[in-house]
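Below you'll find a set of structures to go through.
There are two complexes below, and they share chain A, which is joined by chain B in the first and by chain C in the second.
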Partner chain A sequence: MTEPLLEVEGLDVTYQTKTGDLRAVTDASLSIDPNEYFGLVGESGCGKSTLAQAVTNSLDSNGAITEGTIKYRGEEVQDLSEKEYNEKIRWKEIAVIPQSAMNSLDPLSRISELAIEVAEAHTDWSEERAVDELKQLFDVVGLPESRVHDYPHQFSGGMKQRAIIAFSLLLEPSMVIADEPTTALDVIMQDQFLKHLDELREIRDFSLLFITHDIAVVFEMCNSMAVMHGGQIAEQGTTEAVFDEPRHPYTILLQQAFPDIRYPNRELEGIEGVPPSLQEEVDYCTFADRCPWAEQECWEGAPPLETVPDNDDAHEVACIRNDEIEDLAAEYLDERDVEGAAAGETPVAKGASAAADRGDEETVLELDGLHKHFDQSTNIIDSIKSRFFGEGDEPVRAVDGVDLELKGNQIQGVIGESGCGKSTLLQTIMGKYSPTDGEILFDGDPVSEFDKSDWKEFRQRVQIILQDPFNTLNPHFTVRETLMEPLRIHDMERSEERILDILEQVRLTPAEQYIDRSESQLSGGEKQRVAIARALILEPDVILADEPVSMLDVSTQASVLDLLNDLTNEYGVSMLYISHDLSTVSYVCDRVNVMYLGRLVESAPTMELLNGAKHPYTRSLLQAIPVPDPHHEREWAELPGTPGDATDLPGGCRFKDRCPDRMDICDTKPAYVDVEDGDHQTACHLHYNHEECGEEVADTPAAAISDGGEPR
Partner chain B sequence: MSRLYYYARRMVVSILLIFAIATFLFFSFRLMPGDYATLLLQQGASAEQVEAVREAWGLDEPLYIQYFTWMGNMMTGNAGMSRQFSKPVVDVVAPALRNSMILALPGVLAAFVIGSLYGALLGSNPGSTLEKYGIIPPNIVGTTPDFFIGILLIAIFSMSLNLFPSGSIASIEVVTNNPGWEIYLTESFWYHYTLPFLTVVIKYMYYPTLVMRGSVVEVRNQEFAVYQRLLGLGKWTRFRHIMKHASLPVITVLPAVTATSISGLVLIEIVFNWPGIGQLLLTSVFARDTPVIQFMFLLIAIWIVVGNFLVDIFYTIIDPRITIEGE
Partner chain C sequence: MLLNSVSKITDHYLLRNLRSSLRLYLSDRLTVAFLLGFLFVLFLALFGPYIAPYQPDKIFFVEGGGVLELQPPSLAHPLGTTSRGQDVFSRLLYGARPTLFTGLLGGALVVTIGVLIGVTAGYFGGRVDDILMRVTDFAFGIPLIPTAIVLAAYFGVGTWTTILIIGCLLWRNNARVFRSQVLQIREREHVRAAQMLGASDRYIITRHILPNLGGMIVLFFSLGTGLTIIISASLAFIGFADLGIPSWGLMLRNAYNSGYIASAWWWSLTSGFAISLTVLCIFMLGRGYERVHETNVSEFGG
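== the complex of A and B ==
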């Protein structure tokens, strides 16, 4: 057996805060072998980032290691001063990939300057050598060498991402720590990032500590993993062992909570409750409060990490009932399914049955050729130029001809990468922007002809749920005031019962306990529930939801999705649901629209889209979703580059530059959504009936565009 | 778009702006009730005499003709005659402006350099005792009237310690012997210069201190700065990166502050009996010496516009993103 590269033993990390000591990490032990990819999973606040900071000697000034050891290559490093650590370990041995690669490079310095500074800080390299090394790494991660002297703003997001990977390998470290590197990325960029990281294994020798809340990414990327809960390690082992035979209730429930694109019909089960406050002494199992199988014994002493007797020697779990948990879980899940079926709660098979049920409903909201363009120039000379001489810059075509029909009681999704125009679409419907062209019809009435009272009615009947639960509520309001305000504005009946009732509906129970809480006394998931209650209390006809769960932890995500699903059914509300993540969209939506560069490129009932996506872009989006199963070999989505520039659209099909199936016709003829196959519409030349159109088509697809330099 | 095109465009905008300001100044002065002729009337001149003065000065012409004449004169460097001194305006304003500039510009620049460094020092040590209490003196100074600082300095260094003179630009003999530039070379001038200079430095130091402190705190928490810490870059390398970002808002206000300081020196100049632009402005307003006032306002406006133009160019040198954003 090889000697482990990194060994953490019995690590305690404590932060001193104004309200007392916070024990962020308690008794954590793990070991990482050379060349191993190790995943550390857990929800926010579970201590996973603190653990990484302890390893990289970058804890905040109020945090300190109070117990335990960190051994790197057998040598204790936890007591090194910052200076000693910088000399011995930092970047030469352990490098870091930060959470936000987008903003991690100083915009005022050339990228090569940073390489020189890093080399200067840790080695005796000459400036030329530092730049040369960076050039080689640029080559490795697929960036053109000539661009090392660029400024960061000349790089696209994906290129910055790769530059950061290159930087982490600059001094050939034996270990790289990546702290939530994909959290802020959309699904396509995440896929590209993971692909590069995966390919690097073949080229360079290093171990990776991958910290994330996304269990699917860990199952895909890592050999071993640890699951953290409430500052402690709940379970660890090889990814296969943890996946096949999870022994900790948290791991089991986490797997249940995670959407899997292969099974869109599976019911997601959120994990109720929150981990205990780490400000108090926790001498019991941190999961006991949330665990369906907790016994009296679980509250008497924290469970130790015990080795699980299976074929993986390293598989350890901290649960006193780990030997019987398998049967308990199976029984519990079975029972729940039966109960659910009896109560009529089994999820409707999306698309297949639901759309049929809802097909004959009236159309509530209709978009007819909706355009929203933004002028680029704001300065006086340019506006004079364009007004009097007609020579202006091209506008940004954020939304460029969208047709959509939302029927009563229907949930439609709009998905696409960042920058495809989906948020602008939503804000234009809301009335934040007035459309450049086209019409929004609400109940058949054009919005453009609304007067003041019509707008007021519109604002009552159309509600919005925003992405960021942490800023969506007024911090000076209690829950009662938050929910009372819309009623007052729209002159509706204001009663305590009504508010209690709606709180029950969004499952904030007991409602009496929540009604007088202020914003700061609510968790992220609870805030989003209050936001949903605020939208529902006006009994709207349409809800516009802008990625309502993307900032929530997985355990909460599932229950909020579930809630949205149930409530829209119950209240008969229609919803337009916007996201970049097909796996959550497919879970709630009857019908999914795929948006690319301001236009819809495919639209179909959910199941049909998942099983038979026609547009190459949709296929790539589906391909890019990580599958939470270490046995599943997913192929990388071959979608080079970034969405084109909405000011300088290519002629012909907008997607052609990234399309693997590009044909000659794509260069000349734009593709519109007019290819209908029943309910399934696609804007792609592959699926036109070209004989009918009287067009000659070359039937050999052009070679895919190589993933080269990505011009800005 | 090339960098040169950007500079050219900024220059055109600046020149247009100066014209707009000059026009505005001209008309707003004409809109004010009463002119120099009415002042003569109050002093007992007869109606005919007033008419004669009006005619001689062209005040009976239509407004637009007056405007073009004035604009033409300004562009050829002829700012008219000062009524109170009966000398060309340029000759009246030039020495006063010189005296003020030599006080204000080095004073404000020194204040900005010292203030920024002090502010950066406070911002780099958030939560420390230094930061907690170090912010109090600039706050006190910032809210104290400038003349009070002057008086305080006089009381300490002039009255009690007898180190420096309490006023005037130089001793009487020196002033009479050196009417032009040469006065700045005399020892007596620098002796008299110290206290007013200190007053300006102290007065204008608080602003860059406060801005820089906030700016450094903000930049330190930006992701690139955190990343540089993780990279293990040296302390001074990181400080340099942070200063480059944090100094931008301070530099932005620099031309505006120098300009307001020139006109805002009135009280300091009076306390120290300094023959500068502030004193001149005050006497000119009382004497309704419109040509002088107008010309000084215009100079101040031009200084602000030119200063901003210089700052814009300076920006493109520090921040490579600026010209690109215009694309």
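== the complex of A and C ==
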């Protein structure tokens, strides 16, 4: 066996805070071999970033390593001073890809200047050598060498990512640490990022410590992994061993909680509870409180990390019941299913298969050729000019002709990359923007003709759930006041019972305990539940949800998704669910609409879309989703470039520049041809019978818009 | 029933926040020290005239018939006398009230105008924002002291004129800061959620925007108060003040005009220090409150 590159042994990291010491990492041990890709998974606050900061000697000033060693190439590095560490290790040996990688380049320096700066600080390279090395690396990651002298803003998002990867490898480090590098990216960008990293493995020798909350990415990318919970390592081993034979309850439940696009029908099970506060001395299993199989013994001492007797000798787990956990888990999962059936719980299908059972005939919300364009010019002179002389810039066509019908008690999803116009669509429906063209029909009545009392009714019957749990509640309100607000605004009876009742509905039980909490006393998932309760308390007909789970931990994500699913059935509401993540969308939605550059390109019932996506864009989106299975070889999505510019749309099909199946006709014929196949609509020439329909295509009103550049 | 409604009032969110903030506020020793300093000045402003041993205008004479001028501190006159034979200690005690009165009122005026303009511009945006911000830009172009002198020449010198002039010129900084804050708060999701519930603009401003501006408002109130004290002292120093009211600024002016500003340190330095220390206390109180507000918010955010 080779000597490990990085060895962490019995590491304790403590932060001193005003309210006492916080033991962020307790007794963590792991080792990373040369050329190994190592994944570190856990929910927010589990200590994974702290562990990485300890390794890179960049802990916050109030944090300190209180015990344990960090060995790099067999040499202890935890006691090195900042200066020594900079001289010996940083960049040269261990490089870091920061969390918001896209924004980490200094906008005022050329990339080559940054490289020279780094080389000067850590080596005795000449300027020419630094630039040459950077050029070589640009070549490796597939960027043109000539662009090393560009400024960061001259790169597109995807190129910036590659530049950052190249940059981190500049001094030929043996190890790269990436802390949540893909968290802020949408699924296509993430896919590209992972692709570059994966390809580099062939070209360069280095180990990667990949820190993320996304277990699917780790299963896909890494050779080995560790799962952290409450500051401790719960389980580690090769990804295959952890996937095939998980021995820690947390790992097992995490796998249950994680959506897998291959099985949209599978029930997701969230993990209840939160890890213990690390400010107190935790001398028991940190997972005991959340574990369905916890015994008295689990509360009596912290479980040691034991080696699991299987074919992977590095597989270790910190659970005293690890030898029997497999049977317990199997039993538990079976039991749960049986229980559900026996208790006469509504035999509502969960996940995508619910599609068939849901949705009335009646249309609640209808979008008819909806357009929302934004003027680019902001100053008065320009707007006068464009008004009277028809001059000026092209408008940004954020939403450019969307037709959609939302039926009663149906959940429809709208997905697309960031910048495709999905959020603008939602905000236009909410009435934040007035549409440039087209109409929103609510219950058959056009919204544009609403008077004041109609709006009031609309505001009661249409509610929203927003993305960010951390600012969805007013920090000055308690839960009670937050939930009173809708009732107060709509002059409805404000009773305590009603609030307690709705809290029970969103599973915040016992409700009496939650009602008086302030915003700061709720966890992220609980905040989002309160936000859902706020939307439901007026008993609306339509809920507009804007990525409601994207900022939650996986363990809470599943239960919130479940809740949305259940409540849709119980209350009979309809929902428009907007997200970039097809795997969560497919889990709640009955029907999915795919949006690209302001238009819907495909719309189909969820199962049909997953099994038979027709539009090349949808296929790429599906392909880009990481699969939580180390045995599964996923092809990288073939989707070069970024979405075009919504001010300067190409003639013909909007997707043609990125389309792997581009044909001649895509250049000349209009962008939007609706190919209907029963319930399945696609805007793509691949599926369009041109001979049969002949020239009609060019005459459709939608076509006129895309060619003429002016809305109807 | 009554008890219930009382407990409801005491549990109102603003009061509750105030209570918890106050607790945090008093946990910082430095802030407590400055609070005590401020309370002392406030005490002087309220009761100074009753403690003062003499009337501020009373002129003391030496036995021979001349004025008891420029006496260094003694038992009879703890802080000596002025060139006109007035008791400096008494004048100092009497001076606290007009000084603090001008400051607090001016600060309140400054922050009120600033909040009104800043919140309106930030919340409503568009044309309203354009117009209000251009007005603010214009206000930035007005030189403070010369304008104050010109206005004082028109409307006459006096405490009220001073307050009005300062209030109408100093709001410009606040308005900009409040506007940018509101631009951020306006985009928060709880504000958007309330808008989507159909809440009126007034409701959103009073329940969602202003409470979240609280720390800023207090900070700028304290800054405004301090600045008003300084500027009114400056105006008094160059002669634009009611000569009948013994403010600290006027004391400085008299000391300067007498020509003994350097030698009669008990006269010039005491009033100068009184101004500086008062302003320091007020600034630091605002700073302390802002710190409390920040910790609160970061706890919320955390």
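As a convention for this text, the second predicted complex is superposed on the first by the 669 of 712 C-alpha atoms of A that agree within 3 Å, B and C clash if a C-alpha of one lies under 4 Å from a C-alpha of the other, contacts with A are read in each partner's own complex, and residues count from 1 in each chain.
One rule holds in what follows: a residue touches a chain if its C-beta (ideal position, glycine included) is under 8 Å from a C-beta of that chain, and two chains touch if they have at least 3 such contacts.
None of the values given here were measured: they were computed from a predicted structure.
Visitor: Looking at A:649, would you say it contacts chain B, chain C, both, or neither? Reply first, second, both or neither.
Guide: neither
Visitor: I'd like to know which partner A:627 touches here: chain B for first, chain C for second, both or neither.
Guide: The answer is neither, since A:627 touches no partner chain.
Visitor: Quick one: classify A:492 as touching chain B (first), chain C (second), both or neither.
Guide: In the superposed model, A:492 contacts neither chain B nor chain C.
Visitor: Between chain B and chain C, whom does A:86 touch in the aligned arrangement: first, second, both, or neither?
Guide: Touch partner of A:86: chain B, not chain C.
Visitor: Looking at A:56 after the superposition, I want to know if it touches chain B, chain C, both of them or none. Which is it: first, second, both, neither?
Guide: first
Visitor: Based on the superposed arrangement, let me know which partner A:476 touches: chain B (first), chain C (second), both, or neither?
Guide: Second partner only.
Visitor: Looking at A:460 after the superposition, I want to know if it touches chain B, chain C, both of them or none. Which is it: first, second, both, neither?
Guide: A:460 contacts chain C only, not chain B.
Visitor: Just chain B (first), just chain C (second), both, or neither: which does A:104 touch?
Guide: A:104: touches chain B, not chain C.
Visitor: By the touch definition above, which chain A residues appear in both interfaces, chain B in one complex and chain C in the other?
Guide: none
Visitor: In the complex of these two chains, what residues of chain B are touching chain A?
Guide: Spelled out, the residues of chain B in touch with chain A are 9, 12-13, 222-224, 226-234, 237, 241, 244-245, 318-321, 324.
Visitor: For the complex, which residues does chain A have touching chain B?
Guide: For chain A paired with chain B, touching residues are 56, 58, 86, 90-91, 96, 98-100, 102-109, 114, 117-118, 120-122, 151, 153-154, 167, 380-381.
Visitor: Report the residues of chain C in contact with chain A in the complex, numbered from low to high.
Guide: 13-14, 17, 188-190, 192-199, 203, 207-208, 211-212, 296-297, 299-302
Visitor: Give the list of chain A residues in touch with chain C in this complex.
Guide: It is residues 430-432, 455-456, 458-460, 462-464, 466-468, 470-478, 481-482, 485-486, 489-490, 518-520, 531, 534, 538 of chain A that touch chain C.
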